[in-house]
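I am attaching a structure below and will ask some questions about it afterwards.
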């Protein structure tokens, strides 16, 4: 007798290893520290997704990858713990069929843009996906005083609604979520969001209230195209670093 | 004939190794440099505490851990030197039975909040323990011009009084102290204080005098709950790094 | 039948290895990340230049170095991909016979100076080559909304015209290009541009609108002289780091 | 026939190794990059000093240490090149018998304080030696437009006069010099100057024009006392790092 949902079927060891590597890449690039998580939709079963058990991203191995249904119930827990905030992932996969990978992080450079009335903009072409606007989710608007965590389905739904058709949203006094059609693009976007935040801090200070010639909407759309290729070039570098250290 | 106070009894080698590792963790995380110290209350004798001899935190080994009474007298000096500022530790343990671990550091990002009239606030959920307010101890108020060090019992008492019921206090033109009910929580809080300081510098600059939507008091209390678990997840990562390098 | 342009002739393996090492040096110094490129004019054929295939700079080996004519056509592709923005390099080599090496990068600290109305100045003697002024290329002035990339000859010509007689130009919402008479000087200048940008961010903030005693024009010319020697001293250090890791 | 000045006599290999290690320590701590130098007065001959040949500090070995008289002439060149700015060292040793070690660097965080009208102050006890005031040497005042280098005796004299009775001075659009009675104290002070600069950048930004409760003069004198011990504790850590990598 097992109340766990059925698995969406076996996944190739390469995909599992890449997802485990993504956790370590995000840690190595300073996007996550001991916290944060990355998931990927099941390649053959769109109603399932893959994510590590609850642990520090820098330690994840392929053996730590679990499978969840979109209600965020583990298919194969085997006593392994789940992230409290897995509801972010499931609700985004439900709401957005075009998204196949989700990164949640607390990058120190990004958090400020969720705390003040300054919008994150795309400071350069590699961060073009930000040009369309970056929503900020304030959990207190709907849920009052909380522990700030997106730790149940209702909060996950509210977060996904706030993100809407964008591929990123910030969370007030908490962190951010970056998404993409593939694992490689989501990882690239999470890394570039962190870099863009640092560039924007410098730029805002330098501008002293003057104009900032960020990407406009049209440039944002055009510049996002070549970033699919850029994501793969970055992935080649970052993935190799993990392989050199782990042999998987 | 030995005037040293009696020991509180033997302590397991795991606890000693963890305390030595905590020094190295704080150095690896940029909380301490060649200076600063971390202590832990004796697990069986609340009137005793454990701390390394006077040395750089990154070099501490289990053999460097000494035992002190709450008057900050070494039980087992054997010629080993003591930190000039051990009085911070003993006086906090006297005043606050709920605190079992204390970290003192001079993190560059934190010092500014002890020098100007801007209060440190909790910028995100992982730093929730800051939401209750962060006192600043100005040693000159009671002691006039000094070498700035909390280097005797009177100064230790004054510092502990300034900290009051909080688990953190800054020291003007010097550094800060973060505390917790366990070693793991105190280390987590010291690390998150440093991260929060960096986030707040960015946020204050970005806000340009506008509102900062930091955690409010109620959110601070609620968000601090899950941080006990977060502290253990971070510890698992940081402790492993030390073990990989030292084999203890 | 091969439509590829003729090679300018064989190049010594030392020169090829140094150019490959330059990519890794720029990555190690934080000037480039997974993106950016460095080229060198062919030592015997001024109408040809050498540059790696399209890949992350930190991974470049001597086997990845390709040869191009000044119309940016590969002489020896062998199926290897080319950087989309190689047109930056060819058009600079056409316009500027005194330049023999070009670095293109997206250093986060440098990008802000292409977004706001604050000119980059030489903050110290090692960055003296900046004292003559740093033009900013806004691709939208001539080409309207684009993907921001200098990805064809017309855009390359426009960029080279904007740079004019300087050895550096920034690109709005994109990055920068630093040049020199030798590979070593171009690499030194790219590194120093990044350092200077960080110094200038701190200086502008500290000045609070007051005067900044940067190098003036005459000091800039005089101080640039000893930098040829400084470039070689830096190269000795940085090149050794690559050799220690690669054995080439 | 040799016009070189006489040596002050043999120096123990430990002292030579420590001086070579100091170069590497300063590089590891981010005080110097490929440039900058540290010297020590000859232990038995106050009219001589020891310094490496002209090279990147991170590569210095004991075999690179040379001896100079106070007119900055090498006693034992053997074809080895000398730093262009060795005149800083000789003229300080002439003017200040109490100084036995000198560090010259271009730390990016320190340079801004030589470019604007904001004085460096002591932000915390470990940087107490800054509390007495930090002069800024503007080479153009006496020498007009130059290459900014203190590259002859006249410029060295002018710099030493500007520094006066302090143990530190900044150089406009160039760098800084930190001194001490011992090698260990000079290295400590150079490192702490760099840290203090970063703390002060954050503090000035946070203060937004308000009061900064830096060390006052009296606190500066009192706090500098324990820093002699702190310098040795830091040295123990930093020196070990070099020894672990070099076996000297």
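Going in written order, the chains are labelled A, B, C and D, and every chain counts its residues from 1.
Just so we're on the same page, a contact is a pair of C-beta atoms (placed from the backbone, for glycine too) under 8 Å apart; a residue touches a chain by one contact, two chains touch by 3 or more.
Please read all numbers here as calculations on a predicted model, not as lab measurements.
Peer 1: What's the overlap between the neighbours of subunit A and those of subunit D?
Peer 2: B, C
Peer 1: Looking at where subunit A touches subunit C, is over half of the residue numbers used by both copies, so same, or under half, so different?
Peer 2: Different, since most residue numbers here occur in only one copy.
Peer 1: Which chain's centre, taken as the mean of its Cα atoms, is farthest from the centre of subunit C?
Peer 2: Most distant chain from subunit C: B.
Peer 1: Taking the mean of the C-alpha atoms as each chain's centre, how many Å separate subunit B from subunit C?
Peer 2: Computed from C-alpha means, the inter-chain centre distance equals 46 Å.
Peer 1: Whole-Å distance, subunit B centre to subunit D centre, using C-alpha means?
Peer 2: 33
Peer 1: Going by the touch rule set out above, which residues of subunit C reach two or more other chains?
Peer 2: If we look for residues of subunit C contacting two or more partner chains, we find 205.
Peer 1: Each pair of chains that touch: what are they?
Peer 2: So the chains that touch one another pair up as A-B, A-C, B-D, C-D.
Peer 1: In the complex formed with subunit D, which residues of subunit C make contact?
Peer 2: Per the stated touch rule, the residues are 122-126, 128, 195, 198-199, 202-203, 205-208, 210-216, 218-219, 222-223, 225-226, 230, 233-234, 236-238, 240.
Peer 1: Using the touch definition from the top, list the residues of subunit C that touch subunit A in their complex.
Peer 2: 33-35, 54-56, 58-59, 84, 106, 108-109, 111-118, 138, 140, 145-149, 172-175, 201, 204-205, 209
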